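Labels for the chains are A, B, C and D, by order of writing; each one numbers its residues from 1.
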Amino acid sequence: MSTLPLFRRPKTAAIKPEASLDANYSSQWRLIYLRFKKHKLARISMVILGALYAIALFAQFLAPYGLESYDSKYVNAPPMMLRFVDADGKFHIRPFVYELKSGRDPETMRKIFETNTEKRYSLQFFAKGEEYKFLGLFQTTTRLFGVEQPGRLFILGTDAMGRDLFSRIVLGSQISLSIPLVGVGISFVIGLIIGSISGYFGGWLDSLIQRIIEIIRSFPTLPLWMALSAAIPPRIPIVTLYFYIVLIFALIGWTDLARVVRGKFISLKNEDYVVAAKIAGVGDAKIIMKHLLPGFISYLVVATTLAIPGMILAETAMSFLGLGIRSPATSWGVLLQEAQQIENIALYPWKLFPLGIVILTVLTYNFLGDGLRDAADPYKK
Amino acid sequence: MKKSRILLALLIVISVIAAGCTNNNTAKPSASKTPAETKAVQETPVATNAGTGSKEAPVLATLVGESKLPPLAERLPSASDIMVEDVVDELGQYGGDWTMSWTGPGDKWAVGMPTEEALFRFNKEGTAIEPNVAKSYEVNADSTVFTIHLREGMKWSDGMPFTADDVLFYWEHMLTKETFGKKIYDAYYSVDPVTGEKALAEVKKVNDYTFTVTHKYPSVQFLERVAIDNKWFFAPAHFQKTILPEFVGEAKTAEIAKDWGFEDPKAFLVDTGYYFWLHQKIPTLRAWVATTDPNSDQFIMERNPYYWKTDSEGHQLPYMDRIVVTKIQDPSQGLLGTLAGDYNLKSFEAKDFTVLKENEAKGNYRVLLWTQPSWTSAGVQLNQTTEDLKLRQLFQDIRFREALSVGVDRNEVTEIVTNGLAEPIQASVPEGVFGYQEGWAQQWAQFDPDRANKLLDEIGLTKRDKDGFRTFPDGSDLTLTDIESSTNADTFLELLKKYYEDLGLKFNVKVVESGAFNDMKYANQVPMNTEAISVTNVAFRPDALVPLRVITPWFGQYGLYSETGGKEGVKPEGDVAQILDLWNQLKASSSKEDISRLANEIYKIHMKNQWQIGYAGPTPVPVAVSNNMRNVPEKLVMADETRGIGQAHPAQFYLKQ
Amino acid sequence: MTTQAIRTEQPLLSVKDLKIRIQMDNGEMKAVDGVDFEIKKGKTLGLVGESGCGKSLTSRALLGINPKECETSGAVLYRSATDQPSEQLNLLSLDPNGKQIRSIRGRKISMIFQEPMTAFSPMYTIGNQIMEAILIHRTKNKKEAKRIALDMLGKVGISDQEKRFDQYPHEFSGGMRQRAMISMALSCNPELLIADEPTTALDVTIQAQVLELMRSLQADFGMAILLVTHDLGIIAQMCDEVAVMYLGKIVEQAPVKELFYNPKHPYTKGLLRSMPRLGGNKSKRLESIEGSVPMPINMPPMCGFYDRCKDRIEGVCNVRDVPKTQISEDHSVRCFLYSDPHGGESQ
Amino acid sequence: MLRYTFKRILLAIPVVFFISFIVFYIIQLPPGDYVSTYAAQMAASGDNMTAAEMDQMREYLGLNGSVIEQYAVWIKKIALHGDFGFSFNYNKPVTEVIKQYMGLTLVVSLVTMVFHYVVAIPIGIYTAVKQYTAGDYIFSGISFIGMATPNFLLAIILMFLSYKWFGDPLLGLFSSEYVNAAWSMDKVMDMLKHMIIPVIVIGVAGTADLIRVMRGQMLDEMNKPNVVTARAKGLSTMKILFKYPTRAALNPIVSTFGWSLSSIFTGSTITAIVLNLPIQGPVMYNALLGQDMYLAGTWLLFMALLTVLGTLISDILLAWLDPKIRTEFRGS
């Protein structure tokens, strides 16, 4: 409701001499930081998100298997237990898994797995696995953990091709966590620029931009996705496809931000200090950059943060409709799309694990956004 | 005002909650069975036992009692002409619904095939035809004159008599005038064995129950081909006369079309002339007749009171009262519905087998495994006429096909793709189906990557690009692109990609919408596709094996060449030309033995060339049948030519009470 | 107006040892720390102090309308002057949301606020908001309530009441709004009106009008007023008695003339010196009190004014709580300058 | 007020027209047209069409012109005869197809929406009043998890659980025996039963957002001086809560109502596909997929109109709910 939540310092601060609290003199961002620190849930969320992004960054190192690693012997294998105590009750310092033997139920053709307690494979750290490029820099075969060869470790079970679900979740995070970030980033920039122009200059330009925004917003997202996906040229590498998807999200997403920015501009541009700057002959660009933007940039950061979870969910929805990324490239949307088949829910429920991660990510982003918003609101106690 | 609104809102919430509660309580004991049970109560007293009780369904008996329907004897054909349908297990009881699902009126054949009544139908083995709507037939020695007898006293579902006039009307005023969007079927042409010239047959009425079809040249396979191409060689003349422009004028037809909800009179005539079983107003000879708008959420067909078949004890068929078809939007809903016992007979894909089997007891159904004449459940066809000439040359090289075949481990494919339900064999005619060849299943079926690489090197694909993929000898990019219209084969293609790329062959998959796929097929833009050949006998239906039209991916533009008489497309050469030659001989031959021999030759050429490469044998078709549904055969070959479930004669299915 | 009369009369309201504590992240804030005063029937008590001294909290505590976070102790004893027989109630002991206290709020004791714009809801008409109190306390009949409200609007000098009645707060000018606020507060003939900085947000001319209005209405209605303000000028105009608050404590309390002519507490003196006077020496700069009010969080026992006091006694003022010293019968002060610094009444 | 509304409507007309063209263009963007879809469908059931047959069909369906020509024909018919064309898939005029699904769509949307508001607003108020209590955490937690779960998966899981526990996955909107039955109390109850999952899935997703907005607004409003004034007047806590903060907090929420206008008429598409609900969303999705372009086009045009109208309604509602703007209009 209030027009200018952040920029205006409390009146009393101006007449208070040095003796008063330091906080009054801290920068806007420091204030936000101080308030944010008090928001416990947001802080925990930030830590979790940080961890998730770290996992995404080091995914190849953390995942015991690569994206294309599969094994027809271990199709639809359930999650395996890391054990410390063996069948004879003996304790082992190093956790281990038993050898997994597979067969088929002759009646239902279901894959059945039995553990062979004769054969143990110990967990190894910095185990040798398939070769990959560490952070895109150098080739290596060292992965954080694995079990002794030829043992297999499927912490969260396997999928229909016998691929390790845990590895796929970890590797899928690279796409799923970055798409929304990049997408929101692009819409942020577009929204900011167009919204600023629209709000600051007003007039016919504003009308035009508003109409355009109205037009874009009038489209139900579904046909827009479909049409844009259809417009993606055939035979493109996964990176390019990824880029297209990001673009689609950004093209749909920027309008919201542009509206917010415009609204803020309109309410701010008649403030005394802006008028004063104008009268003093300050250029438009400088007024926008120096006087207007700082007034609500934090608000935009919050709006942006809160837009991310929507994009994560949108990515899964796109995969559901078969419009997004396709296996063997992996995103959480791809994993959920596989999980949603009735036979998987009925027979192989562990394939729903990725859902947990999606929920966790969406929730933490929401809490983070909430925390930021509370922190950015100076009227909050 | 305000208060009342809040009150209303509150009421709705409470009712929703209340509904939730009551539902949960009542649902526990037997939610899914309720409809069946109420039916049971209603029907039991009049349920028939063999030899005793009424010869007609209680519903109809009631109507007869109320004089709304003539008695049974008047509705059936004359006693000697009644068709007696053999039951699979036992004589049945009347009553109940056959519940199934479809994706809507676009899924016309989901109800079309099981209810179909052809003039001649295939026997249980699918090897020869037998009379169905027709009572009997005679053929002259050189197979040029076919005399066909109809059943006296047989009636359309509205009680009007069915006679030779209906056949002739169809022939004269519909088929030859092409009113319903189909060209005159190939079956009606005979071929001059010398010149290859085609001549249209003549159809003549002999009397009310007899007509003849006369060919200029011998047409040995005429009845089999009619049984596939033009199953119903008749139409209700008394009805068609009221809508065809020839009789009522263009304007009137257009008006009627509007009335029926059709904007376009042509579309109207297609629907009424070809997809007639979907329309309640059109009389049919089928066991069940449409009673609702096919666009509604539930399409219902009810028993035809004039149906002309009985069981051996003279009980008029069908046993079941109705077919109730629920519209679904996703195949998983059909599966879930079956698991919950909502549908009592439905076929599935092989991948659903395990979940169906595990829930047999809970869903109170049994899973039957029917077979299909498919050559493979996981294979690819290489377009022999693909646009890119270098690629075309490669595809035509038999060594390349062998390399692709031996370069893939079939054991892994069957494990992952077919859930262990298929054999790790080559694409080939399955045993028991016409055209089976000894040893074909094992041809190039052994996993041998060394040989594959050797073959590829031999062809000259020795150069590699910077990513290690083979290039053409001139160094240009070599990419195999598979075009798909659905994501069904995703897992298989992922696996294939891995194996092909291990051989150094770059492989891409592109999924397009089915309409676009169709367009691409015509534009010769489909180099590879996973479509599987599935044919009962090439002599009956040549489409997949003989390049006559643009249909099957492997022969690509050869088909267009035949279709346009050589104006467009690619001229067939070598073995493909030989296939066409054999086919022409087959068409003109005058004995069944010749036909068999020639057909077999065609299969042999296919075996030699292996244009379709298969990595797993065919999978069975799981069919979930509710436990109270009886007379469903344990074994059946599901083929389009023999009308799928229709082949099991659904009129004699019954629900045990 | 003799002191004799005042003494013999029962006070309308007496506040005893009122304490308000607020838990903050960095400790406990003693926002109001042991305040005592009495308000007599028909009289005006001024509560004066800088912003943040706890005067607003004190005034709201009387009605129990402070936010939940304020832990309040002490006693607010109220005895109605009109109810017969009247019994004494401790308002603090009542359930702050209960029926009993609500029947007092707006009816016996009502309140007006500093910002008449935000004190009215922008969503409803002025008439609607005035009638609300009347409908609770005086009549259930809407017509009757409207008549009373219109009458009240007239009394506070709003012309064209019928039209004004249906207008929204934003259609009123600041002064008008405050008049409307007063009419709302007085619509149920309260015995005590708490006016929390009633004129701070107004122009000087309007200020005078509003104060004049309050005075005349006080005469008409015979109510007592607790006037909370930071403006000594207003105190001088309006009050019979004054309490000076500093950092949650009343540091000096006296009849208005006594306070102005004989201030005792260094803070009171400072305040008076910082007040512009007509006919004062123009060349002389107005004095101000140096420093600012500290936050009363985790305060050790000491005089809150210690840091700013010119007359502070090192080792005395900053080590102990200051006891109240009775200078005369109706003049008290909290300052070591007037008490025996080494003993006496402080505990 | 009238003039303002009128001006806005005038401005909206070119926008809607422009949108209609874009819509038409977008529908045709994916390769192929209705005829190829139809031919593919036929091919799948063993009926192969020849290229000539396909061309013929294109001709009589009027699909052989350029996009602009087709658009011109279409829009001319709409403008002159109110004829929106016909649906190839349904063999029915477009308007009839839309009519067929409108009733149930509205029922589903409105019940969901009522649920949405009836649940979210009280919870929003509750969690604001009882900030940081167990109740606050429980309600917020549930709604957050609902929001964080992709709709389609939530629907499938609930469906499966319903099957697992009660033996009935509650597919569709009615049990088989009621689909074609006349309306009766039993049918209504059956429908309500089948609406539990959609209401939870669709409702819960938006509810979390709404709860959050409501809670935030309430917290703001509860700290306003007018609440203190009201207390000082002697009003009861409940009365204050509803008359002042709630009323003010509802303003922005009510005004966003216009935004949801278009979704009321579509229903949630993906959820409806998963749950087999006979409502507009899936019908339109299929129309888009199958390039049933007049149906899809009309529908999208309708959506665009509703969105523009919804924006207008939102703006008017906002103005109307804010006495400040309202009185300005009254004055002028």
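Simple rule for what comes next: a contact is a pair of C-beta atoms (placed from the backbone, for glycine too) under 8 Å apart; a residue touches a chain by one contact, two chains touch by 3 or more.
Going by UniProt, the chains are A, D = ABC transporter permease; B = ABC transporter substrate-binding protein; C = ABC transporter ATP-binding protein.
Quick caveat, the model's predicted, so the values are computed rather than measured.
Trainee: Which chain, with its centre taken as the mean C-alpha position, is closest to the global C-alpha centre?
Mentor: D
Trainee: Out of B-D and C-D, which chain pair has the most contact pairs?
Mentor: B-D
Trainee: Cα centroid separation between chain B and chain D, in whole Å?
Mentor: It comes to 38 Å between the two C-alpha centres.
Trainee: Need the CA-centroid distance for the pair chain A / chain C, whole Å please.
Mentor: Centres of chain A and chain C (C-alpha means) sit 55 Å apart.
Trainee: Hey, how far is the Cα centre of chain A from the one of chain B, in Å?
Mentor: Computed value for the inter-centroid distance: 46 Å.
Trainee: Multi-chain contacts only, two chains or more: what residues does chain D have there?
Mentor: 30-31, 156, 160, 289 - these are the residues of chain D that touch more than one other chain.
Trainee: Going by the touch rule set out above, which residues of chain B reach two or more other chains?
Mentor: 332, 336, 339, 512-513 - these are the residues of chain B that touch more than one other chain.
Trainee: Name, in rising order, each residue of chain D that touches chain B in their complex.
Mentor: Answer in residue numbers: 30-41, 43-46, 48, 50-51, 53-54, 57, 60-61, 85-86, 88-93, 96-97, 100, 111, 114-115, 117-118, 156, 159-160, 163, 166-169, 171-177, 179-180, 189, 192-193, 195-196, 199, 272-274, 276, 278, 282, 286, 289-291.
Trainee: Give every residue of chain D touching chain C within the complex, in rising order.
Mentor: 224-226, 228-237, 243-244, 247-248, 322-324, 327
Trainee: For the complex, which residues does chain B have touching chain A?
Mentor: 332, 335-336, 339, 351-355, 357-359, 411-412, 415-416, 419-421, 479, 481, 487, 490-491, 494-495, 497-498, 508, 510-513
Trainee: List the residues on chain C that touch chain D in their complex, please.
Mentor: These residues of chain C touch chain D: 60, 63, 65, 97, 102-107, 110-111, 113, 115, 118-125, 132-133, 136-137, 167-168, 170-171, 184.
Trainee: Under the definition above, what is the set of chain A residues touching chain D in their complex?
Mentor: 1, 211, 214-215, 217-220, 222-224, 226-227, 230-231, 309, 313, 316-317, 320-321, 336, 339-340, 342, 345-346, 352, 355, 358-359, 362-363, 366, 370, 379
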